[in-house]
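The structures considered in this document are given below.
There are two complexes below, and they share subunit A, which is joined by subunit B in the first and by subunit C in the second.
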Partner chain A sequence: MSSSTPAGFMGLELCALSRQVGSHTLVDQLSLQVAPGEILALLGPSGCGKSSTLRLIAGLDRASSGEIRLGGRVITALAPAERQVAMVFQSYALFPHLSVERNLSLGMELRGLAKAEIQHQLEQVLALMQLEGLRQRKPAELSGGQRQRVALARALIRRPALFLLDEPMSNLDAQLRDNLRAELRTLLRSTGVPVVYVTHDQHEAMGLADRIAVLREGRLQQLGTAETLYRDPTNRFVARFLGSPSINLIERGEEQLGLRPELLELAEAGSPVPQGWEALEGELSHREWLGDRVISHVHCPGQASLKVLSREAPADGALQLRWRQAHALRFEARSGKRLPGSGAAHPS
Partner chain B sequence: MRWRLWLLMAPALALLLAVFAVPLLHYLWLSTQAQSVLTGLLPEPIGAQQWLRLWNDSRFWQDTWQTLRFSAASVSLEMLLGLAIALLLDQPLRGRGVLRTISLLPWALPTTVMALGWRWIFNDPYGPINRLVAGLGLPAIPFLSNPAITWMAAVGADTWKTTPFVALLLLAGLQAIPADLYEAAALEGATPWQSLRRITLPLLTPYLLIALLFRLAQALGVFDLIQVLTGGGPAGSTESLALYAYLNAMRFLDFGYSATLLLGSFAILLVLCGAAALLWRGNSRLQGALR
Partner chain C sequence: MARLLLLLWSLGPMLWQLVSSLRTSDALSGLASGGWTLEHYRQLLQGDPPFLTYLLNSAVVGVCSTALTLALAVPCAYALTRIGRRQARSLTLLVAAAAAFPAVLLFLALLELARDWHLANQLLALSLPYAGLCLPLAILLLQAAFADIPIELEEAALIEGMGLWQRLRWVLLPLLAPAMASSALLVFLFSWNEYPIALTWLSRTELLTLAPAMARIAGSSVYTIPYGAFAAATVLGSAPLIALMLLFQRQIISGLTQGAIKG
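Let's look at the complex of A and B:
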């Protein structure tokens, strides 16, 4: 993948990046690029290597092998400060003994900037992040959302060549998270530098990122836009990780059919099956009402409970579950690999 | 509601009254009595005479100076060395657990045992240090017989014993500082020295003050180390207030004056520890921020 990079690529490039600790491989031959102004989400369950990757890029941990390039320059062996990266930590890592103002200016003081310059930049960022009223507060006197704004402000004031965020939303409540997503996206895009955003939350990744890299056990599973990952996953892991409610897996011997809940239809039990469709007979076990849609949990013999997303709620009792053959993604049951030629007619 | 609070606190209050308030009040009363061999060990009220005697007692003032000198020297040394050791033990070294245990050993030793050990180490001319000195062809160091040196020997022994306590306390404080603060600082370009000054020390301040408070209270009341190591000598040059009070009670059987001496040294301790506690309280806002 990296070999196809044009010379003089100004973004962030990881080339076969690995990190091993003892016999444990945290990051395994990871290669990807992030263009300037692009937001890439590293998505995966906990322990998938997404935070380890971020720490390698930041220089907080050493790579065992591979290369990191930023703006055409190899930074693999540089100290964190020399990489000119800004990072927003999951805990925000604000200095508890310093006021908001001093939290923001400490870096510039350490780098020996002139007082007037520090003041100028401070005012700019305080205004941009609407923190003027909080400048004298200590982190303990701030709400979760305010702390996050300070952490972002501290990263912005660094004028970084690369922006790293480690689950910056995980300490906020769900409502605030939804509201902040669009705002954060605009802010990050405005920096014009590559942004790497680590999250385990698919909604966050899909709502914020231009492209998503799904990781599992330190290995890249798939890299693409949210839409590509959703409609055309390379394997069962990616298919299951994205989408809510998650994809249905219908057992069929050596194969599994992957069907998104919105692609399954409900019909009267025993209805004739049209040409090009397939069907299972089953029974409704329960319904989840979401407001505009209903999730019906259907029990079919020999299958795990299957979910159907529809506008109208089905009646209780026996029913038929059917789908267009062309919509089904086929996976090898044992390895979870996607079988070629399946799911081509996925609707867009 | 109120009375229930008092009820719940009653056992602790009763204990405090029994072990602090009652003895203290008894001593206050005793300091207004003459109770010694001269009075047939029976208390006789003499008003403020014991306090006047204290005021004019040059040995009391000399011991006060010696106690303060001992405390200031040993506590500052212990704080500095303790901080250095804590910083070292906080590093991800191989065998850190073993090192931590070993470093605690001096503190675990009974003071009398270790003081006897040091008395031998300081022995002139047969102690190991003076053997070394003699081996180098230098004159023996009169550790325990020269007033100018002996108090420093006592400081050395106390520092050896109590530094681990300070180190342990400070190590706990260091480990309460989240690692990502250092990482955030490193990303900003902080050198290790800058990290220490800008992050470690400010965040460690509450622990430094607690260690200071504990150590000050202990050092000002030093007794067992001095008693075993020098017996207060040579020529009373290492005698502490506690030792003087002990001598008055146990050797001269002058209980009234001993009580007055103890109250006098208690007042000094109260003033100094009060100052340290005020420092600590001024810092409690920071404490809250840490949680």
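Let's look at the complex of A and C:
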């Protein structure tokens, strides 16, 4: 599977990586590559194997089979310390009994770096992360955002060959998360090493990552840019996991039509359907007003509630729901597999 | 009001001992009224051997037992929290059973051991049974404390490149300090108060620990009960413990309640 890789690939490579615990497969034949300076998001619901994958890369768990390569070197069997990876944990895992300064310097001290060198690097990172004023504080005396900065600083000061982040934003409130996304992206990019970012939040993955790998039950579903995953999903799982509000699925016997809420249009009930369009008659059940847009929930007989994203709120009562046939993604109802020849003419 | 009663209830006996130790023997046996004296203390401290010897013996045995217990219990507890959950559960059950085992049943066997291995009249040898008896409880206490430390902390240290001893020394043990303080105190308390083993293992007067020494004072005369001397010995014997408690009370309380509430 790694045969398609150019020789001497300097980033991170996973080749058919698997981890089994008992009869349970946590990661199943996972293969992917992350180039230096690239941010790859591992996205999926909880229990999809994204954190397990990260732990395998970090060396905290042992791979059952497959290979991990970093900078052309096989690191599958190396101890975590020898991989020169840095990891930011979801809980940040700051040492609670040590000050910010000592949290950052302890690893270097124990690795036997010279005092002057430690001091130099410490000052640099403290300045970069704007932590100078907090250097004597204990983690318990810091806010969530400050703790995250310390955790990032501890990872940066390691000068890692690979950067791993496990849901680093999930302990922050939504407002702060939105503000930090761009900042974090710039910071991670500036390291110039491969970055693997685990998250269950599609906004985070889309806003931060260059490419996204969607995982389900330990298997890779699709790997690509946010746009590719959104417009051209390989299966129903990927289609449903990305996009908010989520994609509408319209039952069609053996098939399901996948339609993004912004591709559905509302019209007066009973109006004629133009050439190349399809329509369903329904009734408005309720609206969500978002300021710039409105989500209308429409009930059509025989279908689950369908969501329509539009600029103007429709009137109450009966209405028609229609879409261009070419916009619909077709899925096999039972397996969720995408059927060929659907959704090609997606508007850009 | 209720607090005052509780305070009196718990402090009363101690105060009574203190007062008794300062009264003359005549006053204690009701032959004369009044009279305060330091005679009992003088008698104890200038005895042969002086009472301080017993205190010192007990302190040596206590410190030694505590150190031995912790040195064994920390690795045991660490291992129990890091092996698989299923093995840990059955092993923990075994440890709990050992903690609940009535130690009285062991005295004869211990005496045999002491004779076979020539451990009698060796002050430090007392630490062996003491550590052995305290070990199960110490392991259980420390295991709970280890389990309260998030595993990510150790993993973060692992990624930083710290070895096992470095992780223990710089990350785990500092976080374990409250639990270690409370376990240490329990062990020290046990060995300070322990009587039957000390009584049977030690016979030379200058090696006696506090408990058998005090028993000798109490039974030193057939005709009179030396209330005053006994009370003075009690006061002197409990003073170090009270000092220790006051010194470490914060750590001990936080250690004993650790795990009660998830932080």
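Here is the rule we go by: the second predicted complex is superposed on the first by the 347 of 348 C-alpha atoms of A that agree within 3 Å, B and C clash if a C-alpha of one lies under 4 Å from a C-alpha of the other, contacts with A are read in each partner's own complex, and residues count from 1 in each chain.
Keep in mind that, in the parts below, contacts are C-beta pairs under 8 Å (C-beta built on N, C-alpha and C of every residue); 3 or more make two chains touch, one makes a residue touch a chain.
As the structure is a prediction and not an experimental result, all values here were calculated from the model.
K.L.:
Subunit B versus subunit C on the shared subunit A, clash or fit?
P.N.:
These partners clash in the superposed model.
K.L.:
Considering only touches as defined above, state whether A:9 meets subunit B (first), subunit C (second), both or neither.
P.N.:
neither
K.L.:
Look at A:139 in the shared chain and tell me whether it touches subunit B only, subunit C only, both, or neither; answer first, second, both or neither.
P.N.:
It touches subunit B, and subunit C stays clear.
K.L.:
Of the partners subunit B and subunit C, which touch A:277 in the superposed model: first, second, both, neither?
P.N.:
A:277: touches no partner chain.
K.L.:
Which partner does A:158 reach: the first (subunit B), the second (subunit C), both, or neither?
P.N.:
It touches subunit B and subunit C both.
K.L.:
With the touch criterion stated at the top, can you tell me which subunit A residues are shared between the subunit B interface and the subunit C interface?
P.N.:
In the superposed arrangement, which is not itself an observed complex, subunit A uses residues 58-60, 80-81, 85-87, 89, 91, 93, 95-97, 106-107, 110-111, 154, 158 for both subunit B and subunit C.
K.L.:
What residues on subunit A touch subunit B, complex-wise?
P.N.:
Touching subunit B: residues 58-60, 79-81, 85-87, 89, 91, 93, 95-97, 106-107, 110-111, 138-140, 154, 158 of subunit A.
K.L.:
Once bound in the complex, which stretches of subunit C touch subunit A?
P.N.:
Those residues of subunit C that touch subunit A are 150, 152-153, 155-162, 166, 170-171, 174-175.
K.L.:
Spell out the part of subunit B that touches subunit A in their complex, as residue ranges.
P.N.:
Residues 178, 180-181, 183-190, 194, 198-199, 202-203, 285-286, 288-291 of subunit B touch subunit A in their complex.
K.L.:
Over in the complex, which subunit A residues touch subunit C? Could you list them?
P.N.:
58-60, 80-81, 85-87, 89-91, 93, 95-97, 106-107, 110-111, 154, 158
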